[in-house]
Structures are given as structure tokens and as C-alpha cells.
């Protein structure tokens, strides 16, 4: 069974987000990218599926900073094939363009199942998964936290509010938006990743002219207004606890 | 092509989701400014009564047994045709497990622009504008709402659900569903959340833990504080994903929305998916070692210390205060 | 003598062979099964396979069973076993570390530790903070802290600050105090600032050799940019890495721990110690100064030089010092250790400090202030015990 995992890299929020001079995008010189957390889960879910039954896992990423690292790490976890989409990603690209670029490549891979993160924190024009599904003419189910394949169909657990879960049946081939893998993403020792870098190859696939249509343009980015921030209580744990007990009493909680 | 604002009503098991009312209120503000109408779209099976308190000028009700459960396939087919025919100025969806499956697909299919994580819509100099919050709440993006028809995935904020409810049932029009046989996505059965566990939505005091709890064992510290305060422990996504708390305790977009008297957020950064579920809390107190954490923008009180240092001390002082 | 090549060697055989690398590796074959190691180990009683039993398993060719346990992670790399072994087997560095390496390769790692390792790799510090902010602790302080590259290109002493002294709020106080002392002594020094990556020694001892080498390569790259005469470290773990392991990677620089550096300058330092501290102090020998590197006298010399200080020894001191529980990954296995043991070595230790009659527990390793202060909070009879790094005590005595 052919499993494809399209991934994207997103701003690392540990670093400060600096808006560049023209206010339309993040300053790339300060920006650091990391693998989208939900795509990490998608990779893990794909490897879990592979481990349960025969299958091949292909991971696809746009050729941006950090892509190589993410791909080799996926290979060290068990991914079989690594592909980078080369193109003009420098200007920052939206999910509409990314989905189209993925679709062009994925068509040629003929997967049965496509797993991708259900969302990413920098999504401004909807998630990649449902758009990719449309381009490929496949059904899409998002917010998935359990996947089992059987006989040309896949059974997924879709999350609804309040802890409710729907067990759904989806006809293959299909695109699934992963919320959480059945197990947390595994650890791979760096020695293993290094070894993988010697043996695994990253194929390149040229993304055609990137079409970004379908997303808002002329965007202004800004930091959320400071607003009425919390009244900060100073001091160590004792001092804070004392003040909190006072507040709780004032509020009639105690 | 019209100036109408369409709102896709989200409902689950006989209840209209709060986000639907929030969207109706947002749509009303837009429609008033640009001279359009607010049209609610209700896809369902035997759910006509749900239309009765929707604050809309009209409800388009599409009845079909296939809508008894949510199937992205069914909704995509139904809405694709509707939007193409009616070409409204904007179509609002909840940025949720339902809207999120459908709107981006429609955007690709109908080549219509889509804005997600949208907190607010407004009119400025006769232009419709959106404001979205992304990157864990650390970044805002605003711009013109694209035309001729814009799809919008909305998150709570900006309006209260009450503002989207009406005492007068709106006019209702039945519309035909397209062929919905051979759906590729179907619901087989539901798995209910664990029965016998508390309903955090009803608790007056919530001690909510995030990543800062670090490991399973420390949850006990939070339980002790909750007990001392007469409340219960709940948590954000990372804690539930690690199985340190059951899913019934999840506060957030895919969990429960809560409005206790006291919401103590410990080691929670305040990402939008969490914040949208605690907007109605009477008082939020946030403890986090990161002063830039967005949670401090919505909390009433805060302290920049390690929650693990605070927990035992606070529990003891609360116990003493109770005597 | 090498083990003859066998086709399809078992995991047991490969693992055993990997322990027997020169120079002292083959001593593992001379194990007497006396059990001293397992007995002296602070958590030996909890392990399914404490060191002596691990060797017995190797000899019985059932080492695979060790891979199905998780109690190897109770080892805090404190060197107590290595210290007492009559056959001189390098138990900590070879046996326990290698076992952890195999567990990591098999993906069997507690979740807490996984996060710490991922942070180290991604951000160069185990706390997961932005590397750009590594020198932020120097902002707004009175002391001058030159940053290499920005303020100077050559210096006498390269002060290797470390992860916790750079980022952890409690330990930053130690860094500020050492900066004051260096200034007062007129030391020509500089720090790497954002170019510094963690020493990675504890991560190495937690089984992540590859991560250690990655961090070492980054540090080597930073070192090469500047000229300096020696490295002085805040942290005994960094000292151990630079002194004993970096040279095996071809990275060799003269290095001292700050206690050695300051003890050598005692003649210049002593006149500056004007304030009498009026306190009874007991010194906790850090595992990586004491047992691992035989540095016992210098910390005590520094403490004795402070006016108004009475020095007392705890029942476990010097070679028998009781580990704070932070090494070998222990710093990032708090929850895991508590779940298994429901007791903390740091708590035993503060009880010993109180029993020695001390008001102040002096330490010389960045893991210790937060660990011992946490222990003081949970051990009732220790309330009031102050925990201070020697640096902080010296700086306090220097104050006008």
C-alpha cells in the first residue's frame, strides 16, 4: 500500500516573530522554520500503518530551510522515499499554492492513502489537506486520531467537540487530516539520523510556477494589541499563593 | 451575484453550536453595512426546529437523510452547488472539525478565495475587511475580504452567541438536496466520551493544566489543588494527547467550552484553539514562566512563576484558609 | 584480545563486545559479581538489572531481557559504582551508558527525556529556549561580561557558561555572581554568548552519543574563531566533557572548573572577602567534580577563605558523596524517577545537610540549586536551609 505524507514547515514560535519592513510577511532573516507539529503526527501515523502491514511511505516537503532535516528524520523513523518540491518558495507561499504543487506530484505517485497534518499554526487560507483532496478528486476527513486500513477502505476516528468521536468509513484513495497519531511521535537518536543521511536520497521534483490564487492578498501583519493584560502578581510561590488566596476570597470562591 | 452573507449553520446531535450564532451576529454587522441579507444555511435531517432561534433574514433548509450525521462528502456536494448558484458576497463557516473539512475543499473546487482563523469581519470605507489570528495567537493578519465571493472560516471572538439568537423564527425556505448516494465518507458509529466522569462545563472552579505540568505524576499536584478549591482538573490539548487526562477533560476547540467562576490556567500558553473555549470564564488566572504567552492577554491576574513551584504552596494556603 | 568474529552475532554478543573497547574496557570480563556496585547505587534496589546483574545477564547471554525493562533509566551516572568496583570496571561510562544507547536506538525512552533531547538538538540548550537569548542574562547587570566576536576576539579565559547558568532563572544568579567576581579580580575573560551550545555531557550519559558529538562540533566551530588560553566552566559536567571526552573527538583545550581557577587565585581573592557570613556550611561534592575528576580540595579551600564560615562535612562526603539525582538524564526524568522511587536523592541529601548542623548547603554545579531548593520545600525539617553555589557565597562576602 502506498502512503504519501505531504508536510510543511512553519515558523518556530520559540524564536521571536519579527514582521518585516513592509508589514506583509515575517522577516525571513530572523525566521526559523520547523516541521509542523501535526505533520509530525502524520508521519508517525504513516509509519505505524507501515509497521502494521506492508506498505511504502513517501514523505514530500517543499524545498525550504529545515526540509532536509525533517525528511532525513522521517527516513530514520522508517519512511521509504523522500521527495522535495523545488520552486520559488522564498517569497513565502500560501496553502493554495502548496496544495496545487503537492497535487501535481502526488498524482504521479498514485497513493492509496494520503496523511497530512489537519492544520498548521500559520494557516491563513484554510488547511492544505482538503484542498489537496479536491485537486486529486479524493474524499477528505480531518481531525483524525485513529486510522485502520481494511479492504480498499479506511476506518478513521474523527474528533468532535466534547470528547465525542465518530468512527467513519472512507473510500480509498483518500486524504486524511491527522490531529493526533495513535502514539506520540517517536524519538530517533541522532546517530541513526546521521546514518540515514548517508544511505537515503532526497529526490527532487520541480514544482511548476506557483499559483497562489485563492488566498487573501495585500495582508497586513501586526502583533496582537497589548490590550488589558493581566495584573501580574510579583514574588515567589509563597507571595503569589498568598495574594491568590486573597483574590479567591474576594471573588467568593473561598 | 449578491451582497448577501451566508452562514453555514453547524449543529451536532440536535444542538446548534455556539459558533453558528456568533457567525450570524458577525454576518448581521456586515449585511447592515453593505445592504445585503443574512441567509442561514441549514443542512440536516429532521432538524427544521433548529432554525427557530437563528437571527437571520431567511433560512435555507436542505433536508436529506444523508445529513443525519456529518459527512464532509455530503456537505461538499450540497454546498458546492448552492454557492455556485447563489454567489453571495461571503459564506461563513465555523473553523471547526466540520467547517474545516468543507470550506477549503470548496475554495479549491469553486476557485473562491478563503480566509481562515478569522476572528472578526468589519466594513471600513465600504470595503469588507477580515482580521485573523495565527501563529499560536502571536500574530494578527488583516486585509480586504476578497471578492466576488469570499469563504471565511470563523473562530469565536468579536460577538457573543446571544447576539446571533432571535426570538422570532426567521422565514424558512426548503431547497432541494443534490444526489447524495454513494457517499465516500460515512459515519459507522459514535464513541461517546467516558460516562461517569465529571462534566467540566458545569464546574464552578477549574484547575487547568498545560504542557507546563511536564509529566503524569505532577497531575496529582493539580488534583490536590482542585480538591482544596472544590473544583476539578481539566487541561489543554498536549495534556490529553499524552493521556495524562481523559478526553472528557479537554478544554478547547475539539473539547469543551467552559465558563466557570474561576479558571486557573497553569502552564498554558493560550493558543487560540484553547482560548476560544474559555472566553466566557468569569475570572481567569494564568500562571506561566513565559511572560509573552498570549494567555496573559485574556487573564485577569497572572504570575510569572513555575506552576510546579506554586501548586503545593497554593494548595496548602487554600487548605489553611478554609480552616 | 578480541572476541573472534561470529557470523550472525547475537545482540548479547555484539553488546558485550562493544563494552570491551580499550583502554579499560576488557576489565568487564573480570567482574567478581561481588555486588558492591549494585549495593552502593542510590537506586540499585529499584533496578531490574543493577550493574552486577547486568554483567551476569551478559555472561548468561540473556542481555536481551535488559532491553525489556525501563529501570536502566534510574541510573543517574553518579559514578558511585565505578568508584567502588574492585575490578576497576568503567561501569558508568561504559556499561550503563551503552545500555541507555541501546534503549534509545530501540525507541524505548521516557517522554520527558525525549523532549529534553529534542530541545538540545534544535536549540542548543536543553531548556528549549531561543539560542539568540543565551546571553540575555548579561543585560542590565552591573558587571561587565564581554562577548566574544562582539566585544573582543582574543582573551585569556574563555568562560563557558552553560545551559542552566544561561537560561534558568535560579541559576542565572550564579552567573551574575561569577561575572562580579571575575571583574573584581580583573580577569581577562569573555563568553561565547549565542554561539555557545550546551556541553551535552549529561545527554551523552543518557545514551545520546550522536547528540553529544553534534553539540561538540558546534562548540568546536565557535572555539576555533577566537584566541584564548584556557576554558573555565561554571559546570562540572562541562568540565568533564572538555577535559575527558572532547579530546577523543580531536577537540583539545586546557580547561579548569571555576573552583580550580579561583582557588589558584586565592591570594588575590581573599582580601576581597570582607563580609563575614556567619554561617555553618556543608559542601556537597558534585559527582563530576569529585568522583569523576578527583577535585575535592579546591571547593573547600574557597569556602574556608570566607570569613565567618564554619565548615562541616555530611555523613556522605568526598568520594562517598550522595548524588543530587540530576546526572545521566536524571534532570529530565523527574516524573519518571518519582513514579518508580517515590523518594528523591536530593531529599536524602538535604536531610544529611541538616543532620550535619549546617545552615547553608554549598554547591558547585548548576543542577543543584534548583534541585536542592525543591527538596528543601518538601522536606519539613530542612525548612530554613539555604542552598548557595560557592560563587554566590564568595560574591556575598565581597559585597560592601
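As written, the chain order gives the labels A, B and C, with residue 1 at the start of each chain.
One rule holds for everything that comes next: a residue touches a chain if its C-beta (ideal position, glycine included) is under 8 Å from a C-beta of that chain, and two chains touch if they have at least 3 such contacts.
Note that the structure is predicted; figures quoted are calculated from it, not measured.
Student: Counting C-beta pairs in contact, does A-B beat A-C or the other way around?
Tutor: Answer to which pair has more contacts is A-B.
Student: Using only alpha carbons, which chain's centroid is the nearest to the whole structure's centroid?
Tutor: A
Student: If you average the CA atoms of subunit B and of subunit C, how far apart do the two points sit, in angstrom?
Tutor: That gives a centre separation of 47 Å.
Student: Centroid of subunit A to centroid of subunit B, CA atoms only: how many Å?
Tutor: Roughly 20 Å separates the two chain centres.
Student: How far is the middle of subunit A from the middle of subunit C, if each middle is the mean of its Cα atoms, in Å?
Tutor: Whole-Å distance between the two chain centres: 37.
Student: Touching two or more other chains, which residues of subunit B qualify?
Tutor: 242, 309, 313 - these are the residues of subunit B that touch more than one other chain.
Student: For subunit A, which residues are shared contacts with two or more other chains?
Tutor: 184 - these are the residues of subunit A that touch more than one other chain.
Student: Quick check on subunit C: which residues sit in contact with 2+ other chains?
Tutor: In subunit C, residues 111 touch at least two other chains, as defined above.
Student: Along subunit A, where are the residues that touch subunit B in the complex?
Tutor: 11, 13, 17, 19, 26, 95-96, 99, 118-119, 121-131, 133-135, 139-143, 155, 157-171, 174, 177, 179-180, 184, 213-224, 226-238, 240-242, 244-245, 247-249, 251-254
Student: Taking the complex as given, what residues does subunit B use to touch subunit C?
Tutor: 214-218, 242, 289, 309, 312-313
Student: Using the touch definition up top, name the residues of subunit B that touch subunit A in the complex.
Tutor: 12, 17, 69-73, 96-97, 100-105, 107-109, 111-117, 130, 132-146, 151, 153, 184-194, 204-205, 229, 241-242, 246-248, 250, 253-257, 261-262, 271, 282-287, 294, 296-306, 309-310, 313-314, 316-318, 321-322
Student: How about subunit A: which of its residues touch subunit C in the complex?
Tutor: Residues of subunit A touching subunit C: 14-16, 34, 184, 186-194.
Student: Flag every residue of subunit C that touches subunit A in the complex, lowest number first.
Tutor: Spelled out, the residues of subunit C in touch with subunit A are 101, 104-105, 107, 109, 111, 114, 117-118, 121-123, 128-130, 132, 207-211, 213-214.
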